[in-house]
Amino acid sequence: MQLVLEQLLNGLQLSLTLFLLAAGLTLVFGIMGVINLAHGSLYMIGAYAGAWAAAKTGTFWLALPAGLAAAALVGAAMELLVVRRLYAREHLSQVLATFGLILFFNGFIAWSAGRSPLLMETPPQLSGFVEILPGLPYPAYRLAMMGVGVAVALGLWYMISRTRIGMLIRAGSDKREMVEALGVDIAKLFTLVFALGALLAGLAGVMVGPIRSVQVGMGEQVLITTFVVIVVGGIGSIRGAFAGALLIGMCDTLGRAFVPMLLKSWLSGPLADGLGGALSSVIIYLVMALVLIVRPRGLFPVSG
Amino acid sequence: MKLTRTGVFTIVVALAFLAVPYAATLLGSNYVITLATRVAIYAIVAVSLDMLVGRSNLVSFGHAAYFGLGGYAVAISAFHLANDVPIFGWAGTNEALIAWPLAMFVAGFGALIIGALSLRTAGVYFIMITLAFAQMLFFLFVALKYYGGDDGLSLSTRNLFAGNRITDARTFYWICLAALAICLLLSWRILNSRFGMVLRGAAASERRMAALGFPVYRYRLAAFVIAGMMAGLAGALWANQNRFVSPDMLSWVRSGEFLVMVIMGGLSSLVGPVVGAAAFLLIESYLSGWTEHWQMVFGPFVLLVAVFAPRGLWGALRGKGDV
Amino acid sequence: MSAALQLDGLCKSFGSLRATDNVSLRVEAGECHAIIGPNGAGKTTLIGQITGEIRPDAGRIALLGTDVTHWSVPRRALSGLARSFQITQLAQGFSALDNAAFAVQARQGHSFRFLADSRKDPSLRKPALDALTQVGLADRADRLVETLSHGERRQLELAVALAMQPRILLLDEPMAGMGPEEGERMVEILRGIKRHMTIVLVEHDMDAVFALADRVSVLVAGAILKTGSPADVRSDERVRDAYLGAGSH
Amino acid sequence: MRLKSIALAGAALLSFTAAASAQQPIKIGIVTTLSTPGGYLGEDARDGILLAISEEGGKLGGVPVQTLVEDDKLKPGDAKQIVDKWIENDKVKLFTGIIFSNVAVAVVPSILESGGIFVSPNAGPSNFSGKACNKNYYVASWQNDNLHESAGALAKKLGYKKMVLLAPNYQAGKDAITGFRRMYGGEVIEEIYTGLDQTDFSAEMARIRAAKPDAVFQFHPGGQGIAFLKQWQQAGLKDQIPMVVASPSLEQRIAAAAGDAAIGIAATAHWNTDFKNAENEAFVKGFRAKYNREPTVYASQGYDTAKLIGAALKASGGKLEDDAFRAGMMKADVKLTRGPFKFNTNQHPIQDWYEIKAVKGSDGKVVLETGAKVLEQHGDAYAKDCKI
């Protein structure tokens, strides 16, 4: 029972990390209609900038702003130099251009920062445990990550439902004229939103620094899962990204946690272990397929 | 008949392919042939992908899956043959005329299932879902220990072609070139047939085609399967050329590269994808030989093509209005 | 004899908006039945339900006596329902003749024919050209769609629908965006067609409606306010208030 | 258009023009992984090889050499393409550099069929160590199983009775578990297979905690290994359950990137920075000076590979076709950074394996410290099937 609870927490934690990545991606798509394959690169840039700052200053608390700033700045630059030219274009051009960006960023990081994975330590304040239930300690850092994820979700919800920017965002990409008629500089708004998406990716990057490997290509490892999340949730919907992240994060974690165990109850040991491993690595794709069979536009389809 | 610019360049491309073996003799190196064979194989994939992306407006980001399925079909039958367990109880699976159609069938079957699900969606969903399905197959092959997992599977020898050995580089090149020619001819005929008109019409206006009474989904699915089969043939050829397959054949990066080829060459043209495949392989191989940081040059190059030359190299070469 | 098109109690809501509110309508074979209504009356939603692009929440649709409520768009089209689009939906990059030939091809059954060049197939080209001739576009046959004038595209819209040789022709604002001269030409063409075809005409242009329609239904706020002869409708007080009085025309 | 890059050591050029005997340099094709997350492995192997060459002034074993280097992108097909090019265009006969087994499996047959020689600086897949061994195929690093056999031996030596084993769900991972079990002999409570690109291991760690083993063996090379160690520490398991790993899951770069999370982990390796022999001290010093970073086990293997090639070239007088090259190779008459070394009958190493522990160094950084010998002059299980 305690194991189940712990695994649920693990699933929730993975979900919230996925949400940070998915929120930025889906925001950018929902508002500007751009698919950004290089979203994972922004995550990598956040992590590298964070690791670099942590190494220079010796504290995670400066790494955090450094990572956020780097990702947001690179994101803004990306929007101004490249993405801006792609709004009116087909998804195909966007896929291609941002594919080129992935290659560039991977090459650039390898060239400038070297190929070694970088060190990034857990901040000492968060290196301990919290006993959530008697006999169930949980790493403080992971709890903190969950807190950040929830805070970001709430913040985004507030921004979108209560603020002027949120209203503009809700107006969506197809109502450009309307937004412009309100006297909004749409070009600036887009740069801002793109930078915000990048910032969220950077936030995810810095935060996973202490628990994952900071290295070239780390963005692509999470990119496809993030896509699965937003497809399941409904591309362009923040609510969908949240639901999708929960579904995918939970299925992935619980699949890895319990599928091999269940298989073991009616298969021999090694076979069950192997099959369980294979099954849990494709489980999120199966979930996605199932969702799309029932709802081809995701759980929270966005009109238009 | 007046010769258009497209016509001229098409002939130039064809002559270049025909001249390869002579160039190899002149240079005294078979590498030109090996490289041209690779170009021909990738060109088949690019042509098949253009049928979807260029002609049908279906941006498949998982085309490597069918390429890989085709390759694995050949490799797995060879593997069973080598281990004395022919798959279907008979030993002819080393014959190209059996193994290659089998590869096409397997790839086409995969495309049928993936397409049937993916085509329910459209636009960016379609891009993502094809990507995700290909990724799923990739992970499956990685986990498939019996067939080598991520180490892949080696073929001890190339298939026989109508009973003849095709280990000679030139022979194999001619076979691949013929396969490319057949695929080009087929795709040209298909695109101008009634079937092709429905596909292209639906790409231009799906609503119109539905209102006329075309169940567009079925036509697209058929196109998806045909393209998957062509990619499967290319995969079979690739497996034969390298005498090796690995899950890397199905990776999403490769799917992305196929898209780059098609767009770099020029969408919705007959020869464009062929030019794109050639340009892609030459540029990539030149760059990665030139600097270990090739990605820093190649990435921006891809980006520039996407932003400034959406009609691709072929689009820039050929005259306006030509098809 | 069953009606060409019969709607029974159709309802469709989008959120709290009732776009179609219990609409029942009977279009007799051979008549030209106009549906008019102010902007936002629910005409587009109604057309969508008739063609099959929109599923009704409740109600029943019968074409030529067959219940087609759950049929797909293509299936309804093949059973004899042709439509034109308010905003032209022509296949760009194709010639006028190609566009008409699509319709002929659809009518001839499935198109799983992969090798023969369809552009050299007289069984497609000839009927397509006939349809173009019918709307006076024969001399534009080989022009690409995007090079045609707006009026010509509207005519081509009609030609494509005619090439389907439908039993029922559903015209969605065929006069939209036309100048007076082009409009008159279109009315002439439609008058010729109307003699041998059932037409459902959804139109804004009142002159055209009163020139062509045998009967008129007025749609207001998703519901049918009145159905009757053009003269009846024209003199109806409520219609005047709801629609004509508000005076778009 | 020559599609190649020639990393021609400047010194080689000098000796080329100055030397009285205008001997053609021997071309060495180094196809290795420089991009992707695995790029640092190839970088180190390449730099190790190049260091050995530059120390000798562009020669190996007194014979001038010229290197060609290209990135295989961890794609077997690309690697094959590069090798084909070098065989055909540049007439390269001697190859090295390959890091990953899946690349080796694809490429090695082409090299051997062309009459070429391959000396592996890292990959030692079982495919070519048994029945399919070849007289022109040498592995200077290890037979892949050795890594995990030594870890198994260490676990046995440390007295662990019940263990949980983890590895990625692909070939190398499954080989790791097989190899480990071969020498371990104790009870395996559970085998857990992880995903190829998996970055979060919390679910697995909860399973391990629930299984309550004496110790854990895990095989996650590169970035996955770093993530695993960090999360292991964070889950508080580091102080509860001992961990045994093989060299690829705890080498110098991983230790540096994992930081404190690596401390206390027991690993096995056949080389370490602190090996006390003259060759190694010179190598470590030279590597630090030239590249301004710590060498890894991959760098040492690259260096040793070059040294072995040098010994063979010296014996054959720079001829590759000669049987003398092979005789020189097999004799391995050269001192390597890792100490005693000889080739087995299947041309894979017989060497010593040591316990390696990550400890906090005097400067606060993590260093790897060599402990006792775990396996002495250890060969591999496949050699008996090899008939050359």
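We just call them A, B, C and D in the order they show up, numbering each chain from 1.
Criterion: a contact is a pair of C-beta atoms (placed from the backbone, for glycine too) under 8 Å apart; a residue touches a chain by one contact, two chains touch by 3 or more.
None of these values were measured; they are calculated from a predicted model.
Chemist: Between chain pairs B-C and A-D, which one is joined by a greater number of C-beta pairs in contact?
Modeler: A-D
Chemist: Among all other chains, pick the one whose mean CA position is farthest from the mean CA position of chain B.
Modeler: Max centre-to-centre separation from chain B belongs to C.
Chemist: So what's the Cα centroid distance for chain C and chain D, whole Å?
Modeler: 73
Chemist: When the centre of a chain is set as the mean of its C-alpha atoms, what distance in Å lies between chain B and chain C?
Modeler: One centre to the other, that is 43 Å.
Chemist: Where the centres are mean C-alpha positions, what is the separation of chain B from chain D, in Å?
Modeler: 35
Chemist: Indicate the residues of chain D shared as contacts by at least two other chains.
Modeler: Within chain D, residues 34-35, 169, 174, 195-196 contact more than one other chain.
Chemist: Which residues of chain B are in contact with two or more other chains?
Modeler: In chain B, residues 139, 142-143, 145, 294-295 touch at least two other chains, as defined above.
Chemist: For chain A, give me the residues that contact two or more of the other chains.
Modeler: Those would be 106-107, 110, 274, 277-278, 281.
Chemist: For this structure, give each pair of chains that are touching.
Modeler: Per the contact definition above, the touching pairs are A-B, A-D, B-C, B-D.
Chemist: What residues of chain D sit close enough to touch chain B in their complex?
Modeler: Where chain D meets chain B, its residues are 1, 3-5, 34-35, 69-71, 73-78, 80-82, 84-85, 87-89, 101-102, 105-106, 109, 125, 127, 169-172, 174, 195-196.
Chemist: Please output the residues of chain B touching chain A within their complex, sorted ascending.
Modeler: Contacts found on chain B: 53, 59, 61, 117, 120-121, 123-125, 127-129, 131-133, 135-136, 139-140, 142-145, 252, 256, 259-260, 263, 267, 293-307, 310.
Chemist: Name, in rising order, each residue of chain C that touches chain B in their complex.
Modeler: Touching chain B: residues 51, 53, 72-75, 77-78, 82-83, 85, 89-94, 98, 101-103, 105-107, 111-119, 121, 124, 160, 164 of chain C.
Chemist: Provide the residue numbers of chain A that touch chain D in the complex, in ascending order.
Modeler: Listed in rising order, the residues are 3, 6-7, 10-11, 13-14, 17, 106-107, 110, 114-122, 127, 129, 137, 139, 141-142, 208, 210-218, 221-222, 253-254, 256-257, 260-261, 269-270, 273-274, 276-278, 280-281.
Chemist: Using the touch definition from the top, list the residues of chain A that touch chain B in their complex.
Modeler: Residues in contact with chain B: 29, 35, 37, 82, 85-86, 89-97, 99-108, 110-111, 224, 227-228, 230-231, 235, 274, 277-278, 281-282, 285-286, 288-289, 292-293, 296-298.
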